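What follows is chain A paired twice: with chain B in the first complex and chain C in the second.
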Partner chain A sequence: MPEALIQALINGVIAGTILAVPALGFTAIFAVLNYPNFAIGALATVGAYAGWVGNTAFGLPMAAALPVAFVAAALAGLAVQWMAVKPLEAAGALMMAIASLAAGLVLENMLRFGFGNELRGFDLPLLRDWRFGAFRVGPQQVENFVLALACMALLWAFLRFSRTGRAMRAVADNRDLALLRGVDPVRVAAVTVAVGAGLAGMGGMLVGLDTSVDPLVGTRLVLSIFAAAVLGGLGSIPGAVAGAIAIGVAEEVAVLAFNPAYRLVVGFVAILAVLTLRPAGLFGTRAG
Partner chain B sequence: MTLLTRRAAFAAGTAMLAVPSLARAQGAPIRLGTLTPLTGAGGPYGPVMANCVRAVIAEVNAAGGVLGRQVQLVSEDDQTNPEAGVRAARKLIDVDRVAAIMGTWASSVTTAVAPLCWESRTFLATVSGADSITALPHNGWLVRTQPNTTLQGRKFGEYVLELGAKRAFFMAPQTPFTQSQFTNMKVALERGGGSADLLIYDANKPSLRTEVDQALRARPEVIVLGGYTPDSTVLLRDIFRAGFRGKLLAFAYSVNQQMIGSLPHEVTEGIYTLAPSPAEGSGGFDRVKRIVGSDNPDPYTCQIYDHVNLVLMAMAAGRDGTGQAIRDSIRRVSQGGGERVDNAVDGLRIVAAGGKVDYDGASGPCDFTDAGDISDCRFRYEQVRAGRQTLLRIA
Partner chain C sequence: MVSYIVFLLVIAGIYALLAQSLCLAWGVTGLVNLGLAGFFAIGAYASATVVKWGGAPVPLGLLAALAAGAIAGFVVCVSTLRLRDDYLAIVTLGFAEAVRVVASNEIWLTGGTDGISGIPAGLPRDWGQGFHLASLAAVSAVVGAVWLALRRLVASPWGRALRAVREDQVVAAVAGKRVTRLKAEAFAISAAIAALAGALYGHYTSYIAPEIFQPLVTIYVFLAVTAGGNGRPTGATVGAYLLIAFLEATRFAAEVVPGVSALQAAALREMAVGVALILLLRFRQRGIFPELNQKAPA
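Right after this comes the complex of A and B.
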């Protein structure tokens, strides 16, 4: 059985790395705007469709289709923020979360009207896995893994070195102090939403590459994304990555331990355990 | 001028109000509902099913309706999801007050909706296959036109043996039919000296690599796919990537033309599929072909065509536009001899003239057991060849 365990670990790390991309988007929005944006699933779906259109209608390779997914999801994220969430800002985080949930449903059904329910596949050859002794790994998995790492590296560089990235971190750290220092809150909020939604869009496309694209492709990820962000600590960027990899590995290893039909339990148990034992999450500094 | 007493005025007013309402009741339309999956895994089928019912009702209304009343259709979406299905059924029953709900597709939806129907005396006609559905205490308020999973499971097991294999591995999401499908497949296989294993997976998981690894450890000669289109797509990709060279067998509703179009050919090529066969060549089947504008209408559209025709004729035979009349009279128009009909317009004319009809539909003879199962069904054996579902035989 150790072979099965190692294979499940490999699968889990790769799945978790891809999950980390939308989880980063989710946690970034929470860090700066202080509400959980549950439209993240629908935004991932927007990105998946945009990447699919770029690939199949315009013949873009994957690395070029990813920015298309980012931009489309970023624009959709801004629309959700301005039209649904912002008008309810005064009512508190719960109302904003509910508004984002509703806006996600609207987005999902707009996509359904536009593209129908059919499954859409990227114009990619499906390759057999590479085998290394008893273990196997797919070329597409490796490409997705590398693309996911590149997305995360770009995000890290943006937050670390750009003026806007530093302003975002400042607002996340201490909003009042950042405002005193002349940071424009409207601009920072807009950039955060755009970057967060764009990351979700890229994550949706990466999942779509490995499976297929349909109006529920992102919605199916929401629980895992939320569990990853909670586990890592809501609002913590490294936490989202660690949480996503932990959830990815746990979901795969769980298949070996008990009936795979109960995979959802992994996400819920992770959330429950964190909220009970360490409400701030693995890397978080504040509770809730 | 005579002054009206208060009592006379009240009586006159009541009479004036009552007359039009009585007149309205005479001509009030009969409402019927469809509850098909317009979205979710059943999304490819539900819209066509609802349109087929709409076309049949339009024909019947043009020919004078049922019992002199027009028929109104209310179509709702169950989203291939029991929770959404229950909400939509509540609306059909409580707000629209339909006499019958037709076309529930996923077994999980039908299982959830059926108790609402029998409690509210609303008739339910379904295309779901799980054995457990007709075993519910529905007391005659439900019929189905899909063969049950005892029969389907046995056919799958026998087909595995026919493909020259002994070891099968059944991979399916959790549904009300998964266990009975597997059990009956296993019994059929073991009778022929074979064996079968089962793995139930989570249909929402974006990758099933570890599950496929688990299956391949059993060294199966045939992998049987028991899921719906979206999760089977994920599963087939991962089976291909894993380098599985054995045979694949699936339900035709999951490995359908839409899935074949969305996956590279080498992934779907050679997959065997099984499906209950519509009554090709029958008058009802030809009518469905005309309604949907396709030479190859799917089995569920054929079945819901039968639902609406049977429901309309049962109301006429029971002399009442209610669920109770449908429940009490459906077997009087579906079986037991009489003039053969394949559509409600002809059937209603005969019933109105005092005749007896025996309906033979687009999906088959539509003769029901006391439990609500169909008593006869043929199967369609197909294989994906050169990117198309190719008919091998109907048996």
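Right after this comes the complex of A and C.
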């Protein structure tokens, strides 16, 4: 196998693992609340700025700035849910989706109002890439990768072992049955939105660490997030992870073959292909 | 001042076409098109390239835009029509981004981020004010024609079937309506109207570039259609003119906010658009011209 391809695979797996964090947030909200939250990009941006402020203004290390990103995005996500989306529950999923898109626009411009359009970089030491033969990996890349894995491990433990996490899975699985068993739907919805938005925020910060932070850092991720979630099967947690890694690799490999600008189109093509060939995605069960 | 108002009325007419497009897809048929800006761009580029590079007359360019829009609309919607409606929303959102990326990078065809300038108008630009007035007449005539056509379509048996699909696909299917086909037809026609708007925009302003076709355009049109009433062509059309009035009002309002930079003023305006849409969806979902119940044919 040519070396460039292996290098692209390495980069793709790392990028895909980071992408999995916001994709999990998007798919979790879809699974429990049953609508696509189009504010997900802006929520990722909120997290990126929160983490950046924590890092540059308060000198927090990355592992400590990440919870800041989570909390800020979770609060923003709850505000979006309560003020814009929830009043439209009776009007259906599409109205909720449109309201979330409008709310995302508001969030993005609040950040632009406060921080301007400049690119903001995290306070990071400049480190030399590690070399393994012909391949290279940046230490920062590895740190981001490990942080993303840690986020996912925490989410897994939460869903697996906590009472609330199990209630979330129950609602996603069969809403009526879960309610019959005494699950509080309002609480589960609120926790899901907070966790989903928080994941998006952490994902936004991890991407901001890799590149830089500006008011569109999350919006640029949106297509890849959608593609990851649709490829894995909308609403499927393991699917979002598998989908994200596949999209991450596909984007990196596509850069080898095409103009790098076209990596954005990879997500769109993947969505069209999945919906045409297997709409339920890799792990999904429902699409009709 | 007069030329400023004439310019705004032409732009409002172009938004009226976009609003009519969304009215058919979303208001009447229930198909959310979040990629309106993409179809707008497809039409603008189709007509501009055919007329400028191909030397075709402008009416042929407009036809090319209609065809390109309808084909793009069909291709984008066809894979999702049997799925839950939110899949179409996701696909169209991606479509608009993909169009912008392609327009920015296929320099041989689209001029890349520099765009295409010097697009012929079909009307002599050296008429000065007369050119703008003639353009206003032409664009308004198209808006009026599409409005009449949509009213006829919406009131026809076909339009009734679309509303049945919107309300309940299963019932419509049981009643013998070909749901998938109806949705594809409505979406393709709607996309063609949006593309026509793009073509007119290019010929009028003589310049198009990827940055013009931002996702924000789509949100503007959702605001217009929601304000006017999304189920009726009249509502969508009036909503578009109100939208332009609202956008211009926010421009002046943002300028008088003290101690705010130009960038911050622009951010405030976009916030106002988002907040207005959220408030309308919540409190005035049926708009100024709510859909009327149609009597069943005797």
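As a working rule, the second predicted complex is superposed on the first by the 286 of 288 C-alpha atoms of A that agree within 3 Å, B and C clash if a C-alpha of one lies under 4 Å from a C-alpha of the other, contacts with A are read in each partner's own complex, and residues count from 1 in each chain.
The rule is short, and it goes like this: a contact is a pair of C-beta atoms (placed from the backbone, for glycine too) under 8 Å apart; a residue touches a chain by one contact, two chains touch by 3 or more.
Computed from a predicted model, the values in this text were never measured in an experiment.
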### Query
Between chain B and chain C, positioned on chain A by superposition, is the outcome a clash or a fit?
clash
### Query
Taking the superposition as given, does A:36 touch the first partner, chain B, the second, chain C, both, or neither?
second
### Message
Taking the superposition on A as described, I'd like to know which of chain B and chain C A:163 touches: first, second, both or neither.
### Response
neither
### Message
One more residue to check, A:112. First (chain B), second (chain C), both or neither?
### Response
both
### Query
With the two structures laid over each other on chain A, which partner does A:125 touch: chain B (first), chain C (second), both, or neither?
first
### Query
Which of the two partners, first being chain B and second being chain C, lies in contact with A:261: first, second, both, or neither?
both
### Message
According to the stated criteria, A:95 is in contact with first (chain B), second (chain C), both, or neither; which is it?
### Response
second
#### Entry: Region of chain B that runs into chain C when the structures are aligned on their shared chain, from 7-15, 61-69 or 79-87
79-87
### Message
Counting contacts the way the document defines them, which residues of chain A are shared by the two interfaces, the one with chain B and the one with chain C?
### Response
112, 116-117, 259, 261-262, 264
### Message
Going by the contact rule set out above, which residues of chain B touch chain A in the complex?
### Response
39-40, 43-44, 173-174, 199-202, 204-207, 209-211, 213-214, 217, 229-230, 233-234, 237, 240-243, 258-259, 261-264, 266-267
### Query
Which residues, counting only chain A, touch chain C once they are in their complex?
35-36, 38, 83-84, 87-88, 91, 93-95, 97-99, 101-106, 108-110, 112-113, 116-117, 222-223, 226-227, 230, 234, 259, 261-262, 264-265, 267-269, 271-272, 275-276, 279, 287-288
#### Entry: Of all residues in chain A, those that touch chain B in their complex
4, 7-8, 11-12, 15, 112, 116-121, 125-129, 131, 136, 138, 140, 207, 210-212, 214-217, 220-221, 251-252, 255-256, 259-264
### Message
Could you list, by residue number, the parts of chain C that touch chain A in their complex?
### Response
30, 32, 34, 79-80, 82-87, 89-91, 93-95, 97-98, 101-102, 104-105, 216, 219, 222, 263-264, 266-268, 270-271, 273-275, 277-278, 281-282, 285
